[in-house]
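As written, the chain order gives the labels A, B, C, D, E and F, with residue 1 at the start of each chain.
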């Protein structure tokens, strides 16, 4: 199995979720994150003190996928997340050794 | 070494921590997360506008473990996290290449 | 490629970012986390009820790196994160199978 | 000069002052975290702009003399000729039947704060999406061309609605109908938020909404009871009816909501309170306890229904200024025509009330639309799509409302460079 | 009718009004983020329900006539026979010794708000775990069967404690002891929160607690000083003693806490303030500055100790209504018996005070227990275990208190479907 | 005793009371999330400490008699000899030219709250880094050695600045200049926050700042208008000028900020409001509307500039007590010298005003520096580096301001053990 992680723009979450649904993936885990990269941050001013904020809000999505689906899933996510502007983010996949569904103890593909 | 990640119901954190302690694991890292899956979300109403919220609060626990302990640890976590109801979550493990304790620079099992 | 994850003290973020910049890495992803380990927590009191809080605020940094840079990068991060006191945290690396830049679809090292 | 009445009006003025920040918080809690500061500022800035314009010429246009029933004159421009010894008449009369006198400054201050809150009320309709500079200009034009005349019509001797005998105890027509219809016109010009009816736009902090509600309700006692410009039994009646109608409207809103949507919500309770306060504003001095209960229940239930209209009709009145202030204001203004005691109420009075309500609606809609359109076509009213997506707080005000990042350190990289060059002027407000 | 006194009571009423939302915020800050809205609503709804019941029959039962010292009559039902010209006596007397007259509506409004806040005070004891519909019924029954009679006993001419000569300047017995003991009875019926004494239940927002404290303290000047129903030197004495005792109670609480638990806490300072306000409520009109300091210090320190009793004795009075309002109320009520100046204080008066305190405790405990038990056995008082675990905000009110999700977009998938079918009626409040 | 004037002062006192928690919230919103509670407490505790000291000896030292123009006597220690029938003179005069009498307790309470807020104002300068126990001692010493004498100088008959004819209607010199310069002295002793000019220290909650601003502004009507100790046309003038200048200062601050930094900020609007309130405090009773506008605009713009000075000059006045209260206070105090109407204003008066401002600055700077230095050298004023890094809330108050952790459960492992041993005394406040 693979763990696909995507760090993307927050407002793309809905599109990604729908695209995954359409593909047949019905579970994912989301965390709030901040990213640093090419996309520039912004400046804030408080009583004349100017702050450069260079972290940009992102969300981080994790999806466990069967080996065979992984590549296609990555494409699905990339497509759904894309706006074409700098800061669209990254998607990467890691090899998973074991995956278990807590409720039943099922392992491997059955755990999804 | 392995990295065991568990995405589980928030109120199971204490049980999991105690179970890990009992097993002899004394460190872990926690992040707040939201999950999407079989467990249904809920509906909210604001001035007559109804929102379906389908993300459910979860916590995400990471534990670095020695290779030999990994399988057992997974079982320990799964047992402690289980409530038997839909939405109990997933546990998975990944192969780790290097692990370092920042304070000392120790690597591998000594880093834990 | 590798995914390097560092769980460190929050106020070291700036140093780490600068050290990575100096090394030539221009992107990273940050999440807020809480850690449990040797570092002791603290006690709070609310109307005579005393709470032991044993999770400590941490940040979790992820950096995708080319295979050849990985070891050196780990050292750079460890150095920048170190205060020498208990609770400095851990750094680990995982093998990455694929990495994609969402905006362009570039894969592998080009995705960074 | 009557000290008691002057003192009461001064304290009432302080209470009315706190309504505008209260409104800011009420609205601020309802928007998303990315535009709360802009929302706060849209209300709050009215305290800055309108107070000054009121002193410069607003008071004079509204209350000094009369020209054709439509507007005052310029004799009191810059408060010319008014000093600490000047007085105006209270509605309270002495034993001899003569009206009590109160300090003119107290009256001017009290009325100033009515002028302040009225445009602030409109701001909720435009949440999340207008340029702040344009909003400031809008406020200045709107009070000048809309509020000052309408206040004259309704409250100044000589004003045509005043002379007609329209009852508007504390501002149902001049304040709430006026703001509600103005909001509708502005919304039609400015257009919908990106994602309206599609994206979730739930309130980011209901406790903040509750804080705002508390300050509004509290201040409203000054708004309503203070409008009698002194203390007698009518003042007390207005005060108790304010409480009764507000309570009833909470109940009315919640019952409707429970039946229609299945839950008693906090936002509903707060909204109901405001709807009740709006509806009792024109009417509370002239109805008995049952009248107040009726007005409250009706206002609560009807406004609870009315806030959903925007989804059906497709105008994006973001925080329901139309649904609450226009609808509630009209209800209160018409109902007092029917329910007024002391032999005033009846179909005849109802006709007058309707005349007042609809003429203000007509005038204000047209003039507001023109103002908003003119701004839109010249400097632009609406923020850029990118700024709206990012959030107007960051884009226009160069601020973030909250930073709860972990106690032990910020996750932000920032450099304080106050002595360095100002930020790029791209920040456009 | 005396304008000064009427005006003072009206403004005091506005101040007392703001105490109930203030209390809502004070309590709301103390619960976990998953039940803050429910907590706000439990207090706030009292403004809706009790204001109406007061007008319908509460005022009449409490203050119109007397039947056997126990309850009033129904002559003033629906405020029958009362109009803007009606008056009641102030405690302030004119030069001729005659009491000043104030507008009856002012008095009725002022007293209405006392009736409103008393059940709201109890809500803190039941945080996180009761059905909202059941709570509304509880409030309605409780004010009818408990508050209206007890208010009659203590404050109405003819009421048996009034005639006995019990001192209860502004409501130590009728409000605080009453609410405190009622809370205890209700808690014993409803039971403990899941996880009591085991799970962490720390306040989710202490700044919110501070906001609530500010509004409570502010409003309490109206509550205490306004109870004299007019302005003279006694009013001023009550006001200054209110400040003195509150200050002293902050110090008392903090010192106890520092010694016992090692830190000066913010929650302690706020709690101490409330304890002082409670204790000075019955007593502040009759003690001198040293008396006020003493009452404050004692109330602060003793309540600081008393809030831990629930862990020892095992009743889950979630936000310490017993520890603060019952204990503080009893302390103030008894201490004024000893410390009252002007020759009133002494063992004899102490006996009367104790009679008042304990008879109310007995009556209210029993009746409240019966009401709560009846509700529990019929429609059910307690929320389901699942709803309590999920959080009553989401489960009962279909809302979430906060959404701070990243400025640039929501992490929620939601569809606005206000024109669609109402949500499933499974949402049970 | 005049009921109207006494009532007005009592209500004004309640308004002034709420300013201190308002200030706490205003400051609390501006600090980082790890020290908000400490900030709240530093202001709030002044209500506890100073109220008591005022009753014990502060009032007597400030207002009872005079010794050499410098200080009062001890005749009224513990409010000896004062009862509900005692009176003091209002500035309001009856038809016969005799001053009205108000209840002495009302005056003492009103002035008490001035003494309370003045040290609280200083706390913002020391945010994030002082020991709470040391701060409490500092407050007690500072009011005793600085505030009580200076209040005597300015406001008590016999006080040397009073006799000189310095105009300080409501406390520009005694309150704002005094607190501002005291803050500067304290800051110079205590030193900079770790990370000053390097780390981001942005406000953690601007809505909280807005709530604080609302309460401050509201309460300031009591502060300013109440200072006339009764109601007449001058009271009304003070009230309206308070509003006008505050409005103008918002505009002034925002314009400066827009030009210099490119954005209209919320923090700027709130800060401007406070700057305007500060500047109109000494002056508002003696200027006309244009004077008020001028004072406001100037105060807004100049303070907006002045808050950046600390970065240039290198003193860490964390929340700009110097930039707002000292600068604003001096501006108002001097400008009224020039702009006062009724033939008072002019170069001569300007000289008196300058004498008042600079003598207080000199005295207070020196005495405050000595107090702070003495504390620093004995028990230590500054928190440990570790506590400052961790956050003083957790380290000194054993609390966390917020816990928004996911509704469905806490992420904290905690054990409630209130019946167990107290926490280790390492928690040092």
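In this section, a contact is a pair of C-beta atoms (placed from the backbone, for glycine too) under 8 Å apart; a residue touches a chain by one contact, two chains touch by 3 or more.
Worth saying up front: this structure is predicted, and the values here are computed from it rather than measured.
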Steps needed, at fewest, to go from chain A to chain F via touching chains: 1
Between A-C and C-E, the pair with more C-beta contacts: A-C
Recurring contact interface, reference B-E, options C-E, A-D or A-F [over half identical by residue number]: A-D
Centroid distance [mean C-alpha coordinates] between chain F and chain D, Å: 31
Whole-Å gap separating chain B and chain C, where each centre is the average of the chain's CA atoms: 18
Between chain B and chain D, centroid-to-centroid distance (C-alpha), Å: 50
In chain E, residues with contacts to at least two other chains: 4, 7, 11, 15, 200, 202-203, 205, 211, 215, 260-263, 265, 267, 308, 311, 389-390, 394, 398-400, 402, 404-405, 407-416, 418, 422-424, 427
Set of chain B residues in contact with two or more other chains: 11, 17, 30-32, 34, 36, 44-46, 48-51, 53, 55, 58, 94-95
Complex contacts: residues of chain B adjacent to chain E: 11, 34, 36, 42-46, 48-55
Of chain E, residues touching chain C in the complex: 200, 202-203, 257, 260-263, 265, 267-268, 271, 304, 307-308, 311, 320, 323
Touching residues on chain D, where the partner in the complex is chain F: 1, 3-4, 6-7, 10-11, 13-15, 17-18, 21-22, 24-25, 28, 36-37, 40-41, 44-45, 47-52, 55, 78-79, 83-86, 103-106, 108-109, 112-113, 132-133, 205, 208, 211, 215, 396-405, 407-410, 412-416, 418-419, 422-427, 429
Contact set on chain C toward chain B in their complex: 2, 6-8, 31-38, 55, 58, 60, 70-71, 74, 78, 81-95
Residues of chain B defined as touching chain C within the complex: 1, 3, 17, 26-32, 62, 64, 94-103, 105, 111
